[in-house]
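One chain, chain A, links the two complexes that follow: it is found with chain B in the first and with chain C in the second.
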Partner chain A sequence: MNSNTIDPIQPNPTKSANFGKRLRSILFSQEGILFIILMIVMAVLSQLNENFLTSSNLLNQGRLMSEVGLVALPMTFIIITAGIDLSVGSILGLSAIVLGILWKNVGLPLELAIVLCLVIGSLAGLVNGLFIVKLDVPPLIMTLATLALYRGLAQGVSQARSVTGYPEWFYIFGQGRIFGIPTQLWLFIFGTIISIIILRRTTLGRYLYAIGHNPVGAKFSGLPVSRVLLTIYAYSGFMAALAAVIFVSRVTTTRSDMGTGLELDVIAAVVLGGTSIFGGKGSILGTLIGLILIQLLKNGLALSGVTSDATIIVIGTVLILAILINNFVQSRREG
Partner chain B sequence: MTPSLKQSQLQPNKLSFLIVLPILLAIAVLLTYQFAPFVNQPELGATTISKLTETRSNNEFKLSTNGFILIPIAAFITLFLGLWTLTNTQLNRAASILTALSGVLILEYFVVFWMKYSDSGGDYLSAMAIGFWTLLALAITMILQVFIPRVVVAKEFQLRSLVANQESAIILALILLVVVVGLINPRFLATRNILDILQGNAYIAVAAIGMTMVIVTGNIDISIASLVGLLAVISGRLAVADAPILVAWLVPLFVGAGAGAVIGFFVAYLRVPSIVVTLGFLSILKGILIIWTNGQRVTDIPPAFYLAQMKPLGIPMPIIFMVVLTIGAALWMRYSGIGRSFYAYGGNAEAARLSGFSEKRILMQVFILNGVFVGIASVLYASQLRIIQATPPPGLELFVITAVVVGGVSILGGKGTVIGAMLAAILLNTIRSGMIFVNISPFWIQAVQGILILVTVLIDLIRRKRQLS
Partner chain C sequence: MKVKLSLIFSMVVLASMALAQTWDGADDLPTNPLACGMSSGGGEVAMLDYNGGMVSGGMSMAGEDIVLIDVPKLVGIGYFAATTAGQQKAAEQLGNVTVTTDAPTEANIDDQIAVIENYIASGNINGILFAANDPVAIAPVLRSALEKGIHVVGYDANSEPDAREWFVNQAEFNGIAKAMIDSLVAEKGEDAGFGIVTSTFTTPNQARWIAEMQAYQESCYPDMTWLETVEAQEDAVLSFNQANTLMNKYGEDLHGILGMTSVATPSSADAVTQAGLCGEVAVVGLATPNAMKPYVDDGCVESVVLWNPVDLGYAATYVMRAIVDGDLNPGDTSVMAGDLGELQVVNGSEILLGAPFIFNADNINDFDF
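So, the complex of A and B:
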């Protein structure tokens, strides 16, 4: 932080030096480093397989990435506030089951079932938020509890039976295209833009960083900490439910074990994107690059004949290495 | 100072309902034992002790050897502890008396059964059923109550102090659970089932020891399921490859320690948050496991390898491991310098550093020890069945973390014991087994697990509020 402020006594640096400085600060920011890594990965992967860098392949990868991506947006917010939401995978499962049960067993119109599914997801997130805010339960514990609870509800309500046979129009969310681009990718792009605006251009965004840096300080400065936290946890639940609708539509069936382990993928992408697990630092852009990096690594390695199990080794290594490189660069910059 | 606290300070010697309640409870147990039908006999149906005594020629009771040795030992220890603590004026007198009383009751019924039924077939413990288990649990609670007067300095027996620490709260929950499920379905109380419950979760309790240490220092390890999967296969393959059995058992401990050292190195020296490192290792270890084994499970393991199926003195090996390791680790963490340093570091890392503790050394020790305990757990896991799956046990890390958290270990670090974690692991399995016996669909188990964490958190909250006020 201090390195960016210009000493007033010294003469203003020349314009080109200023530009060079800005370029360096962009390049050596977390996003810059990640972007460079992403470019290298893409270059290597496109050399390995000619089908990798085709628009149809990339769009398809965008389709597969959207579910994790949608959930990763609020997760970025939450981790910036030094919280965490482990229950997103279970909320996804619960919402999917609610959707299936309400439509098939209760007999509601599918449109209404979708709306209720989103409501339930938001409520599930809100419950997390309420316990965290009102009762001061650590987010890790609270969402660990609801990780089990919501998954258990999904399994208990459905008795592990699946729901299939959705009408044709429903598949537009998960399998359709609008203007040649997968529907869910539109949703994801839209969500990303909104999230970037919230984080960079609104007071809510500034509050998130303030809470993450110093929650006590934020409270005493009169920031609406409770309301902000409630909002982002409910947002997280909403996005998980939206991802559930897309997921159900994509795979044409509802099962109670949907989204198991989703939280790990999401957190990996967010952390890879440079959002500090200790809070106060991070960006949607970083998360976006993290998501793309993981998805392309998976896809590119699979296309090159690497088994999916080897891929998870690579992703795990990349995750740790990216954090290491970032730690190293940041400490050099500060030192 | 709130008025409620002042009042209780003013009248410490009042004979309150709370003092009398446990005594009433004990009398109720005694009476139930004597007169209420509590044993299901094939010929007699539900029956009482006096009736059984009359018709002993038709029944099939026998003391199995381990019951023959262990029950009097347990009874004498309980009795002795009760009498001994009674002489100590610092300790809770009502609890001491009840402890001694429990010992006497257990002894009495042991003698009754031994005299009447020592030479016919049957299962002693299942015959003793509810009464025996209630008494034993009561005795254990009392012992704990006497020895752990932590929050409230026990001048009088207060029911509230039963839930003042997480360990006794869990025991209370266990007793309630066992009694309720036992009343609905007495078969739940059969010795075989009780032993199954205890040994089924033993490897989780062992893994929870390491996890407790990690969480006490304010870190977390979410990679242990992958590590257990990998170490189990290493162990099994060594055994299949005709390595000496001892090697097959010990290598996972060293490999686990190695993996722990690598994780610890990242956390301590490279300053990567433990949740990120272990998130990475979760993928890496899982990938290694699946590529290495190609998803093929290990079969044809030599019988000598089955550590978890051995029964020295009639007690299943996993239970011995669980109890011995947990007690050992609890004492070690409480009284050794290294163990204390974990709590110091977890309670206040800055203060610990300024007091001269080496942060790096503490973190390395914690993660290496965690690796060793995961190694032990994976040998127990590997040897409990005749095949070893080549996938990480699903959801294991969550189960272990749940056990640790429900056991009262604070995720913020610096607080909690391994005994609590072990009891919570037992509680979780008791619930799972109990649900089957009262015909609740096992699909609800995860929901119950979640509610359990929430209840723990809420109890802890109330407890902290009370301490503050």
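So, the complex of A and C:
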């Protein structure tokens, strides 16, 4: 018996049912719901101030978002493995200080200082990974410890003094444009594409989900769990250092308290994007929409004359609502 | 096992490296200590050429209604509530100025920059009043405001001079430094040992005052002992704990605590009161009068150093109006600021509010902010 005889009204039920199913699954996926919310928010905000939906404002917001965005990419990977990295803000601060000190006090060429800054950032991430993998320290505890430790190091190394007076060419990273698009937005777009490919098209991506779903199972299935975790924590440190270079270039100074609280902005965007804090679930696309939603809300509300303290309240409310709507829709789908 | 041991070892080394560092909390800039003695400061004022920035675009708004945005370091603390009150008072008197205060709820350089960026993008402001969380970091966004024809005036905490037009200076750094050290010496003598509770070592005003205090103390009272400078953000609980730490750590060697922020000073006074050490440990510091009244009234604190933040906000608003109306131009040596009368131009492009003010038991109840 085939399906045609059951339902004679539908000439080709498999095809159209499949299409409807696919459309529904896209529309009602985490990302789909978020995207709809984002569109609604943008429509409302563009009504409130005519300067919101202009290319110069949106590009500027892209510029401001890139630092958080770059760090959110590896954070998505880490949270998919049921881990977390709270030390990213401190790694940003430490890397920034290393950049400034190596250039100004040690006298290295700025190009070399940038490379070493990225190396130090990656090493800081690697140390997190080593403790988590080799000593089985829970990621939350380990990175909470290095959150304090790296910040302390940054203060110690810098003696709490700031470094300024960078050469003009260096400002290209934070203030410049290439083909009309802010430089750091190019870096972020590039990083996003790479991360999407890693997560969806490589074995490393599959390993991440497997580790998040069942770490013990992953280990006994012969997956290189240690190597994978070391890689993503080092990647996280690297991206924090890259964000540091951009940040220093944007604000033209180095301070040891740079990046304070960055981890919360990053984690908020990732979790809003539908990545499960318990691991095994999540996507870069979701993180991207989460980032844009938070950034545009902040910007759009400010443009329409809402003060900063009220803005935080609205954002908190939208976060909760978005997650509630998503949970509701997801449970309906499964039920 | 070896890997684990070496990992732990390297962590311990790193941690102890971080702990071994101590700071005095001063910055690197050159200092300019005033003459010793109990006279009330106010030395020579050097005349420099105008070194502020220039606003572009020739649209004159003289006499017209203007909309200003005020971006202090943060909102939600008494000090900046007082500067806001001063701005509102000036706006009311002038009649053709609207000021709105908006700033992050934490003193964060990035958030402050984002607030200013957003107001520039909104396209409906004529001027920015600011108190910078970092003098260099805030400069690019202020320069972009000047390029778009928006007037920029700083108060309380300066930016790089060319990133704004004028800066209203509440009191010269060396004047405050002298007032602090002199007050402590008056209470505890020329060989007192003291500790400092500051916000963070990177906060520019505090670092500047500490550097000036260091220079003044070294040249005038070399027998004083500078025990330690501790960080307490601008957090009341942390300030209280840090003051306690100083008392426990140094015991009898500690004769005074200098509070460098309007949060640290009352918290330190509270800590000294609760420890029952009033009279043993003097508290001198920068603070707003309302927060200090209980401690001054019960005699635990003798002197509180500050300027009047209401006047500071008031003057900043008048200066902005004067620029827009063309009454204050590069090269001028003074400006009229409403009830405050004529204020002097110093350091090229700064307007000096006056000498620091010392609140004590005799006058503190005359003030309410």
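Note that the second predicted complex is superposed on the first by the 322 of 335 C-alpha atoms of A that agree within 3 Å, B and C clash if a C-alpha of one lies under 4 Å from a C-alpha of the other, contacts with A are read in each partner's own complex, and residues count from 1 in each chain.
Operating definition for what follows: a contact is a pair of C-beta atoms (placed from the backbone, for glycine too) under 8 Å apart; a residue touches a chain by one contact, two chains touch by 3 or more.
Keep in mind the model is a prediction, meaning the values are calculated, not measured.
Engineer: In the overlay, answer first, second, both or neither for which of chain B and chain C A:Thr252 touches.
Structural biologist: The answer is second: A:Thr252 touches chain C but not chain B.
Engineer: Touching A:Asp136, do we find chain B (first), chain C (second), both, or neither?
Structural biologist: In the superposition, A:Asp136 touches chain B alone.
Engineer: Looking at the overlay, what does A:Thr307 touch: chain B (first), chain C (second), both, or neither?
Structural biologist: Both chain B and chain C are touched by A:Thr307.
Engineer: Taking the superposition as given, does A:Asn51 touch the first partner, chain B, the second, chain C, both, or neither?
Structural biologist: After superposing on A, A:Asn51 lies in contact with chain C but is clear of chain B.
Engineer: Scan A:Gln175 for contacts with chain B and chain C and give back first, second, both or neither.
Structural biologist: second
Engineer: Mind working out whether A:Asn60 is in touch with chain B, chain C, both or neither, as first, second, both or neither?
Structural biologist: After superposing on A, A:Asn60 lies in contact with chain C but is clear of chain B.
Engineer: Quick check on the superposed pair: does A:Gly152 touch chain B, chain C, both, or neither? Answer first, second, both or neither.
Structural biologist: both
Engineer: Considering only the touch criterion stated at the top, classify A:Ile277 as touching first (chain B), second (chain C), both, or neither.
Structural biologist: Touch partner of A:Ile277: chain B, not chain C.
Engineer: Would you mind listing the overlap between the chain B footprint and the chain C footprint on chain A?
Structural biologist: Looking at chain A, the two contact sets intersect at 131, 135, 149, 152-153, 155-156, 159-160, 256, 307, 309, 312.
Engineer: Which residues, counting only chain A, touch chain C once they are in their complex?
Structural biologist: Answer in residue numbers: 49, 51, 56-57, 60, 64, 127, 130-131, 134-135, 149, 152-153, 155-156, 159-162, 164, 175, 247, 250-253, 255-258, 260-261, 298-299, 302-305, 307-309, 312.
Engineer: Where on chain A is chain B touching in the complex?
Structural biologist: Chain A residues touching chain B: 131, 135-138, 140-142, 144-153, 155-156, 158-160, 256, 264, 267-268, 271, 277-278, 307, 309-313, 315-317, 319-320, 323-324, 327.
Engineer: Taking the touch rule as given, give the residues of chain C at its contact with chain A in the complex, in rising order.
Structural biologist: Answer in residue numbers: 3-4, 7, 11, 14-15, 17-21, 23, 25, 27-28, 75-76, 100-106, 108-111, 113-115, 117-119, 121-123, 134, 136-140, 200-202, 207.
Engineer: Considering the complex alone, what residue numbers of chain B touch chain A?
Structural biologist: Touch list, chain B to chain A: 220, 222, 266, 270-273, 275-277, 279-284, 286-288, 290-291, 398, 401-402, 405, 411-412, 441, 443-451, 453-454, 457-458, 461.
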